[in-house]
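The first chain written gets the first letter, and so on, giving A, B, C, D, E and F; residue counts start at 1 in each chain.
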Amino acid sequence: MALSLTMKGIFYAKVGDKIERYMLIRQSVRGIASNGKAFLTLRLSDDTGEIEAKLWGVSQEDESKYVGKTVVLVQGEVFDYRGRLQLKIASIRPANESDQVNLEDLVQSAPLQKRDMQETINQYIFDIQNANVQRLTRHLVKKYQEEFMEAPAATRNHHEFMSGLAYHVVSMLHLAKSIANLYPSLNTDLLYAGIILHDLGKVRELSGPIDTEYTIEGKLIGHISIIASEIHQAANELGIEGEEVMLLEHIVLSHHGKGEWGSPKPPLLREAEIIHYIDNLDAKMNMMDRALQKVEPGTFSERIMPLENRTFYRPKSM
Amino acid sequence: MALSLTMKGIFYAKVGDKIERYMLIRQSVRGIASNGKAFLTLRLSDDTGEIEAKLWGVSQEDESKYVGKTVVLVQGEVFDYRGRLQLKIASIRPANESDQVNLEDLVQSAPLQKRDMQETINQYIFDIQNANVQRLTRHLVKKYQEEFMEAPAATRNHHEFMSGLAYHVVSMLHLAKSIANLYPSLNTDLLYAGIILHDLGKVRELSGPIDTEYTIEGKLIGHISIIASEIHQAANELGIEGEEVMLLEHIVLSHHGKGEWGSPKPPLLREAEIIHYIDNLDAKMNMMDRALQKVEPGTFSERIMPLENRTFYRPKSM
Amino acid sequence: MALSLTMKGIFYAKVGDKIERYMLIRQSVRGIASNGKAFLTLRLSDDTGEIEAKLWGVSQEDESKYVGKTVVLVQGEVFDYRGRLQLKIASIRPANESDQVNLEDLVQSAPLQKRDMQETINQYIFDIQNANVQRLTRHLVKKYQEEFMEAPAATRNHHEFMSGLAYHVVSMLHLAKSIANLYPSLNTDLLYAGIILHDLGKVRELSGPIDTEYTIEGKLIGHISIIASEIHQAANELGIEGEEVMLLEHIVLSHHGKGEWGSPKPPLLREAEIIHYIDNLDAKMNMMDRALQKVEPGTFSERIMPLENRTFYRPKSM
Amino acid sequence: MALSLTMKGIFYAKVGDKIERYMLIRQSVRGIASNGKAFLTLRLSDDTGEIEAKLWGVSQEDESKYVGKTVVLVQGEVFDYRGRLQLKIASIRPANESDQVNLEDLVQSAPLQKRDMQETINQYIFDIQNANVQRLTRHLVKKYQEEFMEAPAATRNHHEFMSGLAYHVVSMLHLAKSIANLYPSLNTDLLYAGIILHDLGKVRELSGPIDTEYTIEGKLIGHISIIASEIHQAANELGIEGEEVMLLEHIVLSHHGKGEWGSPKPPLLREAEIIHYIDNLDAKMNMMDRALQKVEPGTFSERIMPLENRTFYRPKSM
Amino acid sequence: MALSLTMKGIFYAKVGDKIERYMLIRQSVRGIASNGKAFLTLRLSDDTGEIEAKLWGVSQEDESKYVGKTVVLVQGEVFDYRGRLQLKIASIRPANESDQVNLEDLVQSAPLQKRDMQETINQYIFDIQNANVQRLTRHLVKKYQEEFMEAPAATRNHHEFMSGLAYHVVSMLHLAKSIANLYPSLNTDLLYAGIILHDLGKVRELSGPIDTEYTIEGKLIGHISIIASEIHQAANELGIEGEEVMLLEHIVLSHHGKGEWGSPKPPLLREAEIIHYIDNLDAKMNMMDRALQKVEPGTFSERIMPLENRTFYRPKSM
Amino acid sequence: MALSLTMKGIFYAKVGDKIERYMLIRQSVRGIASNGKAFLTLRLSDDTGEIEAKLWGVSQEDESKYVGKTVVLVQGEVFDYRGRLQLKIASIRPANESDQVNLEDLVQSAPLQKRDMQETINQYIFDIQNANVQRLTRHLVKKYQEEFMEAPAATRNHHEFMSGLAYHVVSMLHLAKSIANLYPSLNTDLLYAGIILHDLGKVRELSGPIDTEYTIEGKLIGHISIIASEIHQAANELGIEGEEVMLLEHIVLSHHGKGEWGSPKPPLLREAEIIHYIDNLDAKMNMMDRALQKVEPGTFSERIMPLENRTFYRPKSM
C-alpha cells in the first residue's frame, strides 16, 4: 500500500483519503453506542497534526489496549463528520518493538532544533546591556531551562506543539530587533528581556508538551501572575534593586494588552506596548499560515476562531 | 460669630451658607485670570469633607504663604459654580501657634479608633484555624502594620479618608461572619485571611492618607499584583507550602471580579466570589450613605459615578 | 440488587453506576432513529435531580404508557453522552399500586417544610412597623398563599424545585436581617416587604412546580410587571395612599438591577440596591453549592452558565 | 427697530444678530462672578425656541424681579459661547399690562391645534373594531384628557414642546395607517390603541408643558410601568377580560424595544415591533428636520446626540 | 394517495405528516454512518420552502443519481430531529420526462410576476424629477436588468428566494412613497433612486437565485462597495457631474446604518436614514410574517435569529 | 531677548516660559467677554507644534488684522488653563516684509524631505514584480503626485503635519520589508502596493496640509471608499483584468480592520491583516514618541486619547 498520505502527514488529509500510518493515541474516551455496545473515541496524532476516530464495538481487552500515549498502526478512510474530518478505522493494532517507531516522532514539534533555539535566546541575553536586566533574565531562564525548551505556547490555536514556546520567543526576538532598528526610541534591553520572560510562566501553567492541559495553579493563578511573582522573588534573591525590576514586572503583567484579555494592567511603557503587538503578530501569522497551507489557491480557509472567526482567502496566483 | 456651619463641618455646607473656620489647604494651584492677575485655586478641608475656593489677585508673598498642608482661618460664603459648591473667600490668614489647631484635626478619618480596629482585626486573625493561613496573614499584617492602619481605601469614591482601608476591612469582616453563619459551606479561614489581605497592596499603591495619589509602582504594577507577590514571597520566607498559599493568592488576584475591573483571574472559589461581593456591598453602602446624608427627605442625591452614575432617593418618611 | 446509588439519589450518579429505582417521567418526546424505528427521549427525576434516558424501538403501546407524570421502576447504567450523563435503560415498567410510591416523593423540593417557611415569613411580616406596608404585604401573600408556598424560583439554574421560591425568600430575609444589623441606615420594613414581594409574580409567570414552563402571560408581561400592577391594584382596593406604595413598586421593578437584565428602572433606593444584591448572593450560593457538592476535593466543578460560565474549584483540605 | 429676527423667532438666531423681543424667563439661576458680584443665568424662550443669557451685576431687587415664568422685553446681541449661542443683554424690563403679551404666546407648541388633534385621535378610536380595546382606550384617554392634550413628549431631544405628545401620537397614527395598508397582516386595532396609549404615562412622569421635569414617580416608576398598571386597573374596573388586555399591556411595556432602553420585555407581537419602529421614525424625522431647518444648503447641522451624535448634511440643490 | 400536504407545500409540513411530492434536490452531501455505510444528506425544496432528508445505505449509483439540481419524486414522513423538521424517506426516484415537472416550479419565488415588478420599478424611475439621478439609475438598472429581476435579496433570513431582491425593492418603494407623503421634507428623487440601487450590488455578491452562495468578490468586496464603485464609474461614463452622484454613493454606502453592520459611513442624509429604516422594516415584516404563518393562534413562533433571536406570539383572536 | 524657548519651539513650552517668536495664526475666532468686549481666540503654530492664546479687548481693526494664515510676532507667557497650556499675549504685531519669515517655516512638517520620500516610494514601486500591480500603483501615485507628497495623514492624533501621509507610508514600507523577510509566506507586491494606496484617498478626504479639515466628500464617502472606486476606475481605464485588482481593492477596504473602525470588510488576506497591523504600529509609535518627548524621565505623559486614553511612563534610566 503506497499512499501519498503516508508521506505528507495527517494534517494534509482530505475527505476520501485512505491511509495506513503509525499514529499516537493522545486521548481515549469510552462511550456506549445506541446499540448498547461500548466504543472508543480516539484522538490520533502524527508529527503534522491530529484526527479523531471512533473504534466501534470494543471488548474490555481493547479498552485496556488502546489507551492514551500508545503508538498504533492504523488503516482507514477519512470522511466528513459535521464539518470536521474523522478517520473511519478499518484495522488497528498496537505497535511493537519490531516496528521501531518512537512516541516522539508522532508528536508535532517546532521546525527548529531545541539546541539552536537555546543558542539564539542565549545570544539575545548576551546582547542585553543593562547588567541587572541581564542577570535577572539569565537566572530565570536557567531555573526553568528544560521546561522552557519543551513547552508548547498554548493548549490550542497557535504554537500548540512541542517547543512551541521557544519557537514563538525566537520569532518575536527577531521581529523586535527589526522593529527597534526602525524606531530608535525603543530600548532593546527591555524588549529582549520582556520577550524572553513574558510567557515563561507557562511552564507551570500548562502540564507539558503532550496532551497539554491547564494545571490547577494555571487556572487559579495564571502564567502572567506566576512569572510576575517569580521576577519579584528572583530580584530579591539576587539582591537586585532599581526601577528595572518594576519595568520588567510591568511588561509581563501587561503583555495581554487589556484587562478583559487577562492583563491586570494595560501597557504603559513603549516597550510593553510593542511586545504586546509583536506577540499578536507572530501568533496571527502562525494561525493564518497553518490555515492557508491546507487549502487550494482560489479558495477560503476554514474559520479561525481567535481571529474573530474569519476565514482567509488564498489568492490564485500571488 | 455663631454660625451653625462652624459646628457641622464643610460636608454639610449649602449654597448661601456663611462660614468662619479653620481649614487645611490640601492643594494650591496657581492660575492667571482673564485680567492678567495671578490667582490660587485652593482645595480646603476639615474633618468632614472638602470644598474648592479661588483666591483672586494674589501677590508673590501670598503664593508662598498659601501652599499645600498649611492650616488657615478662612471666612467666606458658599455658592454654586457649574453645579458644584465653591467657597467665596472674604478673608484668609495662616493659623499660628496661639490658634492651637492641629493639621490632624482637619483631615477626615474613619469613625472608629485605630487601636480598636487593630484589635478587631487581630481577633479575627486569632479565629483563623489553619496554622499556615494564620501565620501568613499575621506576618504580612505585621510587616505593614502602621501603613495599614493609616491608609485610605482609595483616592476617591469610597473610604477615601485616613484609616479608610482598616475601617473597610473591619466592616467586611463583620459581614463575612454574618454570611458564613447562614451559609455553612463557606470556609471562614479563607474569608477572614482573604479580606484582611485583599487590599493590603494599597499601602504601596497609594501615597498615604493625605492628598492621596497613585505611586509609580501603583500605576505600573497595582495593588492586586503587589500583594500577590508579597504572599508568594512571605510563604517562601516562612517555609509554608501547601494549597493554602495558592488559594490566598487566587483570592487577592480575583477580588475585583473580572478582567475589565483589574483582576487577572475571575473568582473560582466560593470564598473568592463572596469576598468580591462583600467588598462591593460595603463600598456601595458607604457611597450611598454619604450621598444621602447630604440631602433632604423627599429629594434625590447627586449622581454617584461609580454606581453607574445613579442618583438615589431619600424617602420622606421611612 | 442492593446498590448504593439507590440510596443517594440520581443527582450523585457517576459514569458506570448501575441503578434500580422508582423515577418520575417529567417529559417524554418521540423520535425516529436512523434505523427507522421510533424511540422515546425521557427526562427522569427523583427527589435529588434528573437524568435523560433513551427508550429505543418502542411500540405504540409503549408510547402511550410512558408519558409525562408517570412513575416507573427503571433499571440501567449511567454513561457519558457528549459530556452529559445519560441513563442506558436495561428494563422499565410503570409503577402500580402495590409499589406504594407517590409522585410527590420523586420531585425535588426545598430542604425546609412548607409550614415552617410559611411561619418564618409570617414572623417577618409581623415585624414590619409601618402599618400600610404590613397590610399590603399581608394582603398579597394571602391572595397567592398556596401557589407562593409551592412555586419554584425559576425553570432552571437556581432554586428550580418545588417550594424553591419560598426557600429563596426565607434565606434572603435572614440575610437582610443580618446586614441591616451592620448598616443601621437600612429600613427593615422596606427590606422585608420588598423581599417577600419581589418574585411573587412568578406564581403567574411560571406554570407550577412540576415541569415548570413560562406561561403566555409570563412571556409577554413577566413577573416584574405582574407584581408591580398587583401592588398598584392592592393599594387601590385597600385604600392605601402615600409614598410607601410607590417605594414598594420601585423595589420590585428594579430588583433585577439593570435594563438589560429585565428591570425597567435601576435601583434608586438604598433598600432596592441591597435587595438586588441579596437576591444575587443567595442565587449564587445556591448554584455554587450544588455544583461543588458533586465533585471531589482537588477538582473543578462543571461550568455554571449564569455565573459567566465559570468552573469552581473545590479545595483539597479546606 | 425693525429687525428681521423679531419676525422669525429665536430658533433662527445667528451669531451677530441684534434682537428686541418679548420673551419668557423659563429658568433663572443666581451665580457669583469672579469680581464677586451676583449675576443671573436666564433661559429665555419665545414660541420658536430658547436661548441662554447672562444678566451681570444684579441687585437684590433684580433677583426678585427676574424669576421663572416672568415675561420680559429684552434687547441684545447673539454671540457664540463655547460652541453654543448666547444672548448678550443690552437692556431688559418686565412686561406690563399695556404690552399685551401672554405667557402662552412665548412657549413653543405643536403646529396643530389641540382641538384638531383631539378630533383626529377620537376618529382613530372610533375606527377600532374590537369593543374591549375601544372601551379601554377611550376610558384612559378620557381619564387624562386635558393633560394628554397639553403634555410634551419629552424634556428634550424631540417633541419637547406644549402638546408635543398629542402631535407625536397623531403623526404615528397616520404612519401606522399607511403601513398597515401595505402589510395586511397587521391588526389596526392593536396599532391604533397601542399608539394612543404607549406614552400616556408621561402625563404623570413629566411635570407639565412648561419647564418640564421628571416627577419623583417618573424617576422611580417611569411612564412605561405607570401606564401598564393603569391598563391593568382600568380593565378591572370596566370588567374587561380576555387576551386583549394582556396584548395592550405588552405593547406599552415593550415599546422602547430593549431592556437597556427601558422596556422590561422586547416586542413579541408584530404590532408591538411596528409601534416601536414608528415611534423611532417619527422622533428621528422631528430631530433631523429641526436640525436641518437651521443650516444653509451645502453645510452640516450641529451634532444630534440621540442620533448617535451624528451631524446631518443639507444638500445644495435637492 | 390524496394528502393535504401535497396541496399546501413543504413549508406547512408538521411532525407526522406523510407526503408524496415532486421535489428539487438543492444540495446533496455524502456521509458515512456509524455502521460504515454511505448515506446522503439531501436538501429538498418545493415552491414553498425546504426540508432536510437522509438517504441511508446508498450505492455508488445512487450517489451519482441524487445530485444537486435533480428533480425527484419522493414519499416519506416528517419527524422532529433535535428541534428541526426532517423528512424520513420511504421511497425516492428521479423524475422523468413523462412526469412533466420543471425545476423552476420547485423553487420558491416572489409572490409578484417579474414583469409587473419591472414595470413598477420603471414607473418610479420615471417619477424621478432630477435628470442626472434618473439617467444614472436607469443606466445601472439596464446594465444588470436580467440579474436584478431574478436575484434573491439574501442567502437566508429574508427575501431569500427567486426575485426576492426585486420584490423587496418594490415594497420599499411603496413604503417610501407613503412616508414621503407624511414628511414633505424628504426628497423623493433620492429616496426612489437610493432604494432601487441600494442592493443592486447583490447581483455580483451572490451566485444567483438557486443554491445562493457568496461569490469570492462578494466576500472580499461586498455589495455595498461594488455598487458604490459602479455608480462612480457610471457617472464618469455618462459625463454626469454634480453633488447628486456623491449623494447617491453616500446613500448606498450608509444603508446598513452602522460600521459594525457593514456600512463604511453612517447615514448623514435624511433620505439615507429613512432608506436604512425602510430596508429594516420590510425585512422584519417579511421574517415575522413567514414565522407566524406556520404557527397556530395562541402559540409562539420559532426563534428568529436576526430579530435578536426573539420568538413572536400569534394572538388567539386578533 | 534671548530666550531658550525661541530656539526649541512651542511644542516644548512649559508653564511659566516667556517667549518671543514669529508664529502663524492657524485659526481666529471672535468671542464676547463677560465685560461685553470682543476678544479673539487664536491658534498659533510654529514648526514644532501649536498653542492657544486669547487676545482680549480687540478693536474692529484688530479683528481684520489677526485672521487665519497671518504671520505675527508675538511676546507672552505660557500658563495652565484647565490642564492645557495657553499663551498669555503681552504684545503682538503682524510680520512685515523686513521680518523675512515665510508661512511655510511656521508649519510643522515631516522630518524627511519630500524629494527623498518620493524617491523611496518610487523604489518600492519599482520592486513590485507583478506588472498589473505595478502599473496600477504607478498610475494612481502619478495622478495625485503633488497632493500625496504634501497631505497630512490625519487632522489630529498622529502624522497630522505637512507631508505626514508620505512619511507614514515610507515608515510602513520599511516595516513591511523587514517583516516579509521574517515571514516568507507574505507577498511583497501586495504589501508594497497596498501600503502605498491604502490612505491615498485622504488627498480628497482632507482639505490640505494647513488647517486640515474634512471635505464634504470626506464626510459623506470617506477615504476608504474614495480610493476603492479609484482603483476600480483605474483598472478599467488601463484595461487591467485579473484577481489582482480585487485583491488591492480588498486591502484598502479592509485596512481599518473592523466595521466599527470604518472598514466595510475585515481583512481576509494575510497581507491585508499585516497592513492593518503595520498601520497601527507606526501610528502608535508616532503618538507615544511625541507624548514622551515632552516629559521628564521618571514621569508620565499626558493621556493619549486614541491609545485608550492611556498615559505612558518614561523610565528614569533606560
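Basically, contacts are C-beta pairs under 8 Å (C-beta built on N, C-alpha and C of every residue); 3 or more make two chains touch, one makes a residue touch a chain.
Because the structure is predicted, anything quoted here is derived from the model rather than measured.
Each step here moves to a touching chain, and the least such steps from chain B to chain E number 2. Common neighbours of chain A and chain D, listed by label, are B, C, E, F. When you average the Cα atoms of each chain and compare centres, the chain farthest from chain C turns out to be F. Averaged C-alpha coordinates put the centre of chain C at 45 Å from the centre of chain D. Centre-to-centre spacing of chain C and chain F amounts to 61 Å, using the average Cα coordinate of each chain. In chain F, the residues that touch at least two other chains are 216, 219-220, 247, 268-269, 300, 313.
A list of each chain pair in contact follows: A-B, A-C, A-E, A-F, B-C, B-D, B-F, C-D, C-E, D-E, D-F, E-F.
By the touch criterion stated above, chain E contacts chain D in their complex at residues 130, 171, 174-175, 178-179, 181-183, 185, 187, 189-190, 242-244, 247, 258, 266-270, 273-274, 277, 280-281, 284-285, 288-289, 292, 300, 307-308, 310-313, 315-318.
Contact residues of chain D toward chain B in the complex are 29-32, 34, 36, 216, 219-220. On chain F, the positions that touch chain B within their shared complex are 33, 54, 56, 77, 79-81, 88, 298, 300, 313.
Listed in rising order, the residues of chain F touching chain E in the complex are 216-217, 219-222, 224-225, 228-229, 232-233, 236, 246-247, 249-250, 253, 258-265, 268-269.
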